[in-house]
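Structures are listed in the sections that come next.
Here chain A shows up in two complexes: once beside chain B, once beside chain C.
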Partner chain A sequence: MTRARFDLGSADHARLAAAFPRGMRPSPAGRVRMGLAVAAAVALAAYAFWRLGFSLERLGSGLAQLGHFVLMMFPPDPGTQLPLYIHALGETLAIAFLGTLGGALLAAPFGFLAAKNVIPNIFAHFAVRRFLDTVRGVDRLIWALIYVTVVGLGPFAGILAIATASFGELGKLFSEAVEALDRKPVEGVVSTGGSPLEGVRFGMLPQVLPVLASQLLYYFESNSRQSTIVGIVGAGGLGLHLAEQIRVLEWQKVSFLVLMMLVMVGVIDFISSRLRFAIIGKARITT
Partner chain B sequence: MPHAIPILPDDQLAPMFARYDSAVRARRRHTLIMAAVVGVCIVLSCWMGEVRPLVFLAHADRLPNYFWSILPTLHWNTFFADLSEWYWNLDHWLKLLVDTIFIAYLGTLLGGVGAFFLCFLACANLVANPFIRVTARRFLEFCRTVPELVFALLFVVAFGLGPLPGVLALAIHTLGSLGKLFAEVVENIDMKPVEGATASGASWAQSVRFAVVPQVASNFASYGLLRFEINVREASIMGFVGAGGIGQDLIEAIRKFYYSDVSAILLLIIATVMVIDLLTEQVRHRLIGMEDRR
Partner chain C sequence: MLVIEGLSRRFGDKAAVSDVNLQIAHGAFVGVIGRSGAGKSTLLRMVNRLQDPSSGRILFDGCDVTALKGPALRQWRAQAAMIFQQFNLVGRLDVLTNVLMGRLATVPTWRALTKMWSREDRAVALSALEQFDIAALAAQRADSLSGGQQQRVAIARALAQEPGLILADEPIASLDPRNTKIVMDALLRINRHFGITVLCNLHSLDLARTYCDRLVGMAQGRVVFDGAPEALTDGVARDLYGLEAGEVMDVAPATVPVAASIPMPDAALA
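Showing the complex of A and B:
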């Protein structure tokens, strides 16, 4: 087959460039701006590398060591500590579950308080929002550290930490869900003789519940990842053993723990995405 | 006003009521079963999680007390002296804070660049070969499922203490999560420009460059900024495992009960996160505006 493509000669090219000057010329302003942005990003990165004291030598020796560790991770092997690790897995699940649930229970009233259409007072609304922002600004691990000093070592501190962090995030999401409510079903219920309470029960709740439930499940997924690390500061779960085994360089146990974590997260993701689809339908997943 | 609703005779009404009752009963049973499952889960988790409400209640005063004791002592007439005593180590903390932001920046940049190159391989509409696609997807999944702190712990042992392991850990996690988001964006593009580029003889790389990238660039930038914001938060705790940034001083202050230092550093972190939140939100709104105009 002959190629049906023809090349533009330089004369054709010149003619076209003369006929369509704006189309054929590269736009210099856009290029310069793009180039400047990239140069700025690269310069900033170079400065950051210098400031943080990076060196190729350290990177190289570290990578070699890392490769060595990875080789030593195979095959994953829990040694004699399997029952202990399974118990830690249970703790991690408990932290994720109770943390999400506790956070949601705390967040539910605040979701209403922070919603513009429930509390029209701008100061109250502003105060509640900023309070939630502050709670959210502190990371889970910092909360875990604080709770460890308050209630002592163990998974309970982890539960409280996950609950507090989820409270800040879910409170904001709940308030957004409440603000997006459609008032008409409530008006419909009230106009056919329902009390305001029945208006909330039959007009509002059916609208918010599916959204809240799907967000809750999503948070359960994300918290199941987070609850594996609160143990690093002593708040129970797999993280405690993981940090310990990394410190004593027991690489086979480390890889076994990571494997446990991956399997747990995979199973939870699978179950919860099934549940989410069942609750709100595949088309409306927005996370 | 008289009722205009016709009332059906009982023999027609009875089966309808029966069916309504059974439907309601089925729903109730469903709800009860769900409640029972959740209840069992709660009891099991309380048992596993060593939840002891009585112990918690007995020591419940410790929590407000803790927050009370980390508050600084500020008096009105010696306000500035008290303030400078509270932030006695401000220079050092600011330096660490800037380090933290740079750790987040480098992590986001390196991870973002990696995600940019990998995401096109994980898309069903660009890569027909299922082996490449599935491998890319599994790799991205692995990168984002292992928490960054675990990577950081591992890298601290391999690379030594300092910001380097923190940056690498953030970069790997960012690679995983941004790669997934980028791939989703690419899967939703308009395929006509790609077909046009391919039809006029473009190679795969050329069609990605000239037909895909212009469609997704602003969305990618917006996701990248969102990730930067998250990474600043994450970078602030990297120091907990010795991977650089302000977390090192924070964990020391909490562990050694330097109460006023805890509140000083926490406020610095919260303020930084809020400022970066606001800035990136502004830029993201402009990017989204660009997207709408296109």
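Showing the complex of A and C:
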């Protein structure tokens, strides 16, 4: 059977090696650099473990304790407090929804303002960036503590905390999505005499919308988990009950609350993946 | 010999390829022509098994290609090298590594994954690049090359597979006239020099007539013409391409449209 064959003798090898030394014998520099980087990372991790008192012995006894608690969690049981817990679950969902929505609405304009290809002025775009960095530098748990002292205990503080933290993070993600956009459609719109704002509206927004939508849906899912944590410091929702039941060692109730959270996150994940497909559209079949 | 028997492929309700029967002898340069959407790409992709047929068989030297699985399928793919319209290189990898992809079916997995290519494989890859005058670009990133250079890298990758058959899917559709000639000449050279079969999808009839020694015309998934280029009269071509005929045959249209004859609502000009 005919096949294209390379019959390269030692003469050919010698000629190729002379003509393309780098191709035949690649310099080991890249591999050496990679090896050094891995060695440095391993050394740093080992040092950190040692410095922070990592102890296999404590891990072992801790695991035994954990196993004991897990046994005590069965069967999960809400006791007489089921209606209360369902109400709290609704509150957690509401905190996540309103917080994500508020953060996203604020983040959308800032995402464009912080993008180099929209605001070429280096000072303006630098200022917006640092502002977002500052907001993002504080975690939602800290924001929750701050808002609880400002507006009092309850879900309102939770919404504000989630919204503020999401605003900083989504603003950065949005601006990066905008900067990764293809410039050509904008050129097309501006070439017809459109204003820069119209260039953003028609050249950029349609391109970036699916990316924003999928980030937003992920944030809703993530925030519904986070809003439970925020609840622990008194900002409403399931977290408050969870913290309380852990404190009084009611493990059956704890496991029931955890199961509620799992179901909630699962349902949100299912719905958001459907929504994402509806927005982005399924991949086209090519013939 | 490559034998295609009753090959069909459906996407939902739409038949992309229906009941294609072909026999292609070793060493032929076959052009598959037809308008866009005629099923040319699907046909070629089924031969490489990038797409599975809905029904029918493909035989190469008596071996049923459509039944292959696992390692045997990978060996077949190495033997039936694909060349794509959009080159399908890995832009972020250097040229040499892209060509070495052509050795994957024969290289042990651990060697490939750690990029510990043997001297023999490097020599084959460089020698393949050398045949298209681009060995000097071996260390460059593939996406820094021009379209014509990228397609030559892709052909070098195909050659490094030591193929018995080359499947070129519109290899020149993204290239300018000068690169078109370079790429088509390269395919012809492989065909003549190694005596291996080339199956090439082409949109342009002129190119097909210049390079191929047999033409297969497809329309709506079916083979409607099969013969020597000389047998393809203008009448047959017009049937094949319909309204696109003038554009693919490089014949000046009988009448040049004048601005005044283009219908325009009066209101739009007022």
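For the reader, a short list of remarks on this structure follows.
The definition used in the following text is that the second predicted complex is superposed on the first by the 193 of 287 C-alpha atoms of A that agree within 3 Å, B and C clash if a C-alpha of one lies under 4 Å from a C-alpha of the other, contacts with A are read in each partner's own complex, and residues count from 1 in each chain.
Just so it is clear, a residue touches a chain if its C-beta (ideal position, glycine included) is under 8 Å from a C-beta of that chain, and two chains touch if they have at least 3 such contacts.
Keep in mind it's a predicted model, so treat the numbers as computed, not measured.
Of the two partner chains, chain C is the only one touched by A:F20; chain B is not.
In the superposition on chain A, A:F49 makes contact with chain B only, not with chain C. Once chain A of one complex is fitted onto chain A of the other, the partner contacts of A:V267 are absent, as it touches neither chain B nor chain C. Of the two partner chains placed around the shared chain by superposition, chain B is the only one that A:F69 touches, whereas chain C remains out of contact.
When both complexes are overlaid on chain A, the residue A:F156 reaches chain B alone and has no touch with chain C. When both complexes are overlaid on chain A, the residue A:A127 reaches neither chain B nor chain C.
Contacts of A:I246 after superposition: chain B is touched, whereas chain C is not reached. Once the two complexes are overlaid on the shared chain, A:A278 sits clear of chain B and of chain C alike. For chain A, the partner that touches more of its residues is B, with chain B and chain C as the two candidates. Touching of chain A by both chain B and chain C, each in its own complex, is seen for residues 5. Those residues of chain B whose C-beta lies close enough to touch chain A in the complex are 41-42, 44-52, 55-56, 59, 62-63, 66, 98-99, 102-103, 105-106, 109, 142, 145-147, 149-150, 153-155, 157-160, 162-165, 167, 201, 233-234, 236-237, 240-241, 244, 250-251, 254-255, 257, 266, 269-270, 273-274.
On the chain A side of its complex with chain B, the touching residues are 5, 41, 44-45, 48-49, 51-54, 58-59, 62-63, 65-66, 69, 87, 90-91, 93-95, 97-98, 101, 133-134, 137-139, 141-142, 145-146, 149-151, 154-156, 158-159, 225-226, 228-229, 232-233, 236, 239, 242-243, 246-247, 249, 254, 258, 261-262, 265-266. Here chain A touches chain C in the complex through residues 1-6, 8, 12-13, 16, 19-20, 22-24, 285, 287, going by the rule given at the top. Here chain C touches chain A in the complex through residues 11-12, 14, 16, 26-27, 37, 39, 41-42, 61, 79, 96, 119-120, 122-128, 130, 135-136, 138-139, 159-160, 162-164, 190, 194-197, going by the rule given at the top.
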